[in-house]
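Both complexes shown next keep chain A, but they swap its partner, so chain B is in the first and chain C is in the second.
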Partner chain A sequence: MEQNVKTLLEQFRTIAANPKKAVEDHKAETGKGAIGMMPVYAPEEMVHATGFLPVGLWGGNRPVSKARTYLPPFACSIMQQVMELECDGAYDILDAVVFSVPCDTLKCMSQKWKGSAPALVFTHPQNRGLEAANRFLEHEYAVLQEKLEEVTGVKVTNVALEQSIQVYNENRAVMREFAKLAAEYPQVISAVDRHAVFKARMFMEKSRHTALVRELMEAVRASDPQPWMGKKVVVTGILVEPDGLLSLFDELGLAIVADDLAQESRQVRVDVPEGDEAPLYRLARVWQNMYGCPLATDTKKARGPMLQDMVRKTGADAVVVAMMKFCDPEEWDYPIYHRQFGEWGIRDLMIEVDQEAVSFEQARTRLQSLVETL
Partner chain B sequence: MYTMGIDVGSSSSKAVILRDGSEVVAEAVVQAGTGSSGPGRVLEEIAARSGLKVQDMAFILATGYGRSNLPMADKQMSEITCHAKGVFFEEPTARTIIDIGGQDVKAIALTDQGTIRQFYMNDKCAAGTGRFLEVMSRVLEVGLDEMAGYHFRSQHPASVSSTCTVFAESEVISLLSQGMAKEDIIAGVHFSVAAKACALAQRVGVRESVVLTGGVGQNSGVADAIQKELGQQILVARDPQLTGALGAALLAYEEQIRKEKSA
Partner chain C sequence: MSVKQLSQMSAKELLAYYQAKLDEEARQAKANGKLVCWSASVAPPELCVAMDIAMVYPETHAAGIGARKGALDMLEVADRLGYNVDCCSYGRVNIGYMELLKEEAMTGKTPEVLANSPAARVPLPDLVITCNNICNTLLKWYENLAAELDIPCIIIDVPFNHTMPVSEESKAYIADQFRNAISQLEVICGRPFDYEKFHAVRQQTQRSIAQWNRIATMSQYKPSPLNGFDLFNYMALVVCARSRDYAEITFRKFADELEEKYKKGESAFKGAEKNRVAWEGIAVWPYLGHTFKTLKNQGSIMTGSAYPNIWDLTYDAEDETLHSMAEAYTRTYINTCLDNKVKVLRGIMDRGKCDGVVYHLNRSCKLMSFLNVETAELIQQANGLPYVSFDGDQTDPRNFAPAQYDTRVEALGEMMDQAAQTAGE
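So, the complex of A and B:
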């Protein structure tokens, strides 16, 4: 059974590292193409309902050179990587790219997208309290659906959309369960492996991902959880990459017992609500139900209390803030919850995330110091 | 019982041998850091000074950027932990530490018991570090050990950018070509270093006593600039370059005691 866990985790790692193969396999199998999904939040269910493969575009880990011509140096690391990949033609295999524009950089990127795959842009409403905002977003989604139908040549029926919503809600529930399981079995599921399971989600048809995660969880549960002698942390931010950075957590005995990462648990935090309303309207309601993310306006700033609750429930020793380089929404949130942590006696540590990085000595010193002082 | 702390940084290698976790037997500094002959030479140097060999050490603890590449070490710990230990040992009133090394600036907040409450490090940028001063020293043709003398003769310190070493170097070249006195440029450079370090210190919350450590702490001009920037007196560690190695030797002693108790 232990071998089975290793094999399954290796499978997730392979998928997470090979998005191009995922697209090619999907095309060969279904005859349908792939749609890129730019960060951060988009109604992927809509793409799924066309039978095309939604593929998360969350950057990479390559030297940035060509992108410097088109982007200011203070554009975030993900956008630098996406621009570099775009310049290299990596996205030419896609049929379109769906852009949500919750930050200034994404807004500008969506307007200067020059890849062969067209950009399909929609806007989330800033106001997340009014019913009119739900209706506005429903209308944005209807426009997006029309564009998708044009690109894919597939009519999205309400029946297909309902089925996709069900598939996604199921996958989100499974991933929430997986995150809890990973916290119980840090010896079995390393920080790098945990990330691979989440990342593979971006390149797999979701019902298949759900099935594979269930298989993994069953294999892991075949053994009893063992006491963890290291420290436990909650990680917050946009993402923790590349693997060299995550490996430090494993080397230093830091188990990630919960995450509040935009690339990981924020994607599965909120389900599409059940109900009799039209599927597009219910998809739109997700935006108002979302919480704890600086890209979704929150006048009450509930992220601090949310993280406090995560620390309490998981017994974490500290919060590691994975600060995406030049992500101003994340930067603006930091002083608020950092002060709250001080008041609540919660230790926290900020490390910088730059996807281009190849050396992690500064992060090692910071993380090691945290471990030594907890 | 002898324990050794060895601190291999980016620009220098330092070692301290302690007897019974309290008495300094020998200290050594070699101005060559990780990836160079520095670590080997500092071990030879301290052996010559103390008459003790590596085998005589009950425990060796390594710290600094080169800490992972020392096979003779029994354990390695971060320089943040070691500097905090070393400073508090020598100055129990210390509550805030500013550590300026070859390529890092760190601010560390201590509790009344000397444990680390919070710390911050500079990001991937050499501005405000020892490397920044080395670059300026070369451009100005003034030795690092002479800079403090120039600083205290300054009448009107220049304004020098603290955001980027390369830009600051261009600024300094420009000031030189304008004929500005080296004294004023050097004082401006020191205030630039101080601004960077103090911004970090403010993030952890400045509490007295503030202690300056790290190799740059040997430059009394920088210490003066930090005092003026903070608006309060600061202390400089007895030998700021050796504080990390001292802390490592103290922690090595604690590790050995713990090991013996659990045996």
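So, the complex of A and C:
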């Protein structure tokens, strides 16, 4: 059984590391291409319904050079990577790229796309409590759908869309379950592996991903959870990459018992609601129901209380803030929840995330002293 | 009216007078238990003004602090609170200021930094209103104000126009938000919304904007009676008082003065204007004088800037659906696709008969920086004019190096001279 877990995790790691192969395999198998999904949120179900493979474009780990021409140094690390990949032609195997623009950087990125595939841009409304916002977004989605149909040559029917919604709701539920399982079995699922399971999600057709995660969970559950001697943390931010940064958590015995990362759990936080309304409208409702993310405007600032709740439920010893370098939406949230943590007696530690990084000494020192003082 | 009658004041005097008056009104409102609202610079004031709420504009306030060299103290407070230096310095200056006011309100003692600050004294808000037609930073910043002060936040969300013209759906969504804001205001104020006054305020806003636009047209003349940097100063009133007659009166006076100058064949410059530049981006407030003088010393006058033009909020004040007003508030050039942005900027350059462009790569403002390369390339392809870029920041003085600016501007001067020479041959 243990062997099985290892093999499965290896599989996730391989998929997570080879998006290009995922696209090629999909093409070979279905004759259909792939659509890039820029961070952070988009109605991926719609792409799924065309039979094209949605592929997450969450940066990489290259030295930034060509991107320097187009972005000043104070653009966030992930978009520096994306720009570098654009310039390198890495995205030219895609048939189109879906772009949302919930931050100032993404607005600009959507207007300076250097890839050969067309960029399909849509805007999320930010006055999210209003019904008018749902209607506006539903219309944005309708326009996006038309553009997708044109690119893919596939008509998106409501039947197909409903099926895709089901596939995605199921996958999200499974991933939420997986995150809990990973918290119970930190000895079996390392921080690096946990991330790979989430990341593979961005390059796999979702029903297959669901099946593979289920298989993994079953294999893991075959043995009993063991008491964890290390410390437990909740991580919050955009993402924790590269693996070198994540492996510090493993080295230092810090189990990630829950995450609030844009690339991971925020993607599976909210399901498409059930109901009789048209699927596009229900897809739009997802954005209204989203919470705890700096890109989803919230004048009540519920992120702090949400993180507090996560800490309470998981018994975490601290919150690690994985601050994406030069990500202003995240930077604006920090002072508020940081102050709240102080009031609530929750320990927190900020580390910088730079996807380009190759050495992690500063993060190591910081995490180490956190471990020692917990 | 004390020393001078309003009618005898120059535009410059009117500007100073009304700016001080607006701050005083806000302080009085607070003292009398009336509501004070802090507002984003291009959020619609029409709604609050219709309800007699005193308005304060943090961006303008922060710019003033920056210009008076008081930004660093405020930035330090924000720094202590955990605000990364990457966050827009307007926001950080304002959060720092807010924190000091809060401390004062809670302890009854004025913190030393506040007492010594050159900042104009403005009161804490009872509500805030924001609009993301210039950036989404204004959503994050105002979320924090609302959270820190535990006060209501009115949001007017204008979705980024990735496709132009503005869609009907977008206008409908924005107009719905105006209506929603009205009901929010009724609850906050505890009385019914004054629709009649709202109508009058919209009309007033249009009169102010018409005079504002009149000023901007003056840069079309050669030599230009208008020094474009003056617009940066007068901007304070188009931000803070466009829904009041303060703006209209001041701008009319200024436009009259400029017309007079033009008729007399006078230039904004004492010397001759050698060439004319467009300025893309916000001013560098702590170094406003320096940035101006460097240009002036080489005989360059600024005759085009798209930034002040953002407040060309012309709409149909009689349109009760409010779609026209919605359209005006969402079409700001930085809230639109690159094609449209370029089109607007080109128009400004054409109108100002500019010979080159200075791009401000603003460390504080991602939205007004990350498309500079593409904008500059497209514009140059279209009109062949030279450009330079310099690193700056609108209120954090640490992010501007006068020497770099001077070198870049000189280089532009040379390129423009060269072009003029070639054209003359």
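Rule of thumb we're sticking to: the second predicted complex is superposed on the first by the 374 of 374 C-alpha atoms of A that agree within 3 Å, B and C clash if a C-alpha of one lies under 4 Å from a C-alpha of the other, contacts with A are read in each partner's own complex, and residues count from 1 in each chain.
To be clear about the criterion, a residue touches a chain if its C-beta (ideal position, glycine included) is under 8 Å from a C-beta of that chain, and two chains touch if they have at least 3 such contacts.
Please read these numbers as outputs of a predicted model, since none were measured by experiment.
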item	value
Chain A as common anchor, with chain B and chain C clashing or fitting	fit
Contacts of A:E372 with chain B and chain C, given as first, second, both or neither	first
Which of chain B and chain C A:P54 touches, first, second, both or neither	neither
Chain B versus chain C as contact partner of A:G115, first or second or both or neither	neither
Touched partner set for A:E352, first chain B, second chain C, both or neither	first
Chain C versus chain B, contacts on chain A by residue	C
First (chain B), second (chain C), both or neither touched by A:P279	neither
First (chain B), second (chain C), both or neither touched by A:E361	first
Chain B versus chain C as contact partner of A:T123, first or second or both or neither	second
After fitting on chain A: smallest Cα gap, chain B-chain C, Å	5
Touching both chain B and chain C, residues of chain A	none
Chain A residues touching chain C - in the complex, by the definition given at the top	69-72, 74-75, 101-105, 107-112, 121-127, 130, 132-133, 135-136, 139-140, 294, 297-301, 323, 326, 328-329, 331-336, 338-339
Residues of chain A that touch chain B when the two form their complex	352, 354, 361-362, 365-366, 368-369, 372-373
Chain C to chain A touching residues, read off their complex	81-84, 86-88, 91, 132, 135-137, 139-144, 146-148, 152-153, 155-157, 159-163, 167, 169-170, 172-173, 176-177, 180, 337-338, 341, 361, 363, 365-367, 369-371, 373-374
Chain A contact footprint on chain B (complex, rising order)	65, 77-81, 104, 115-116, 119, 121, 123-124
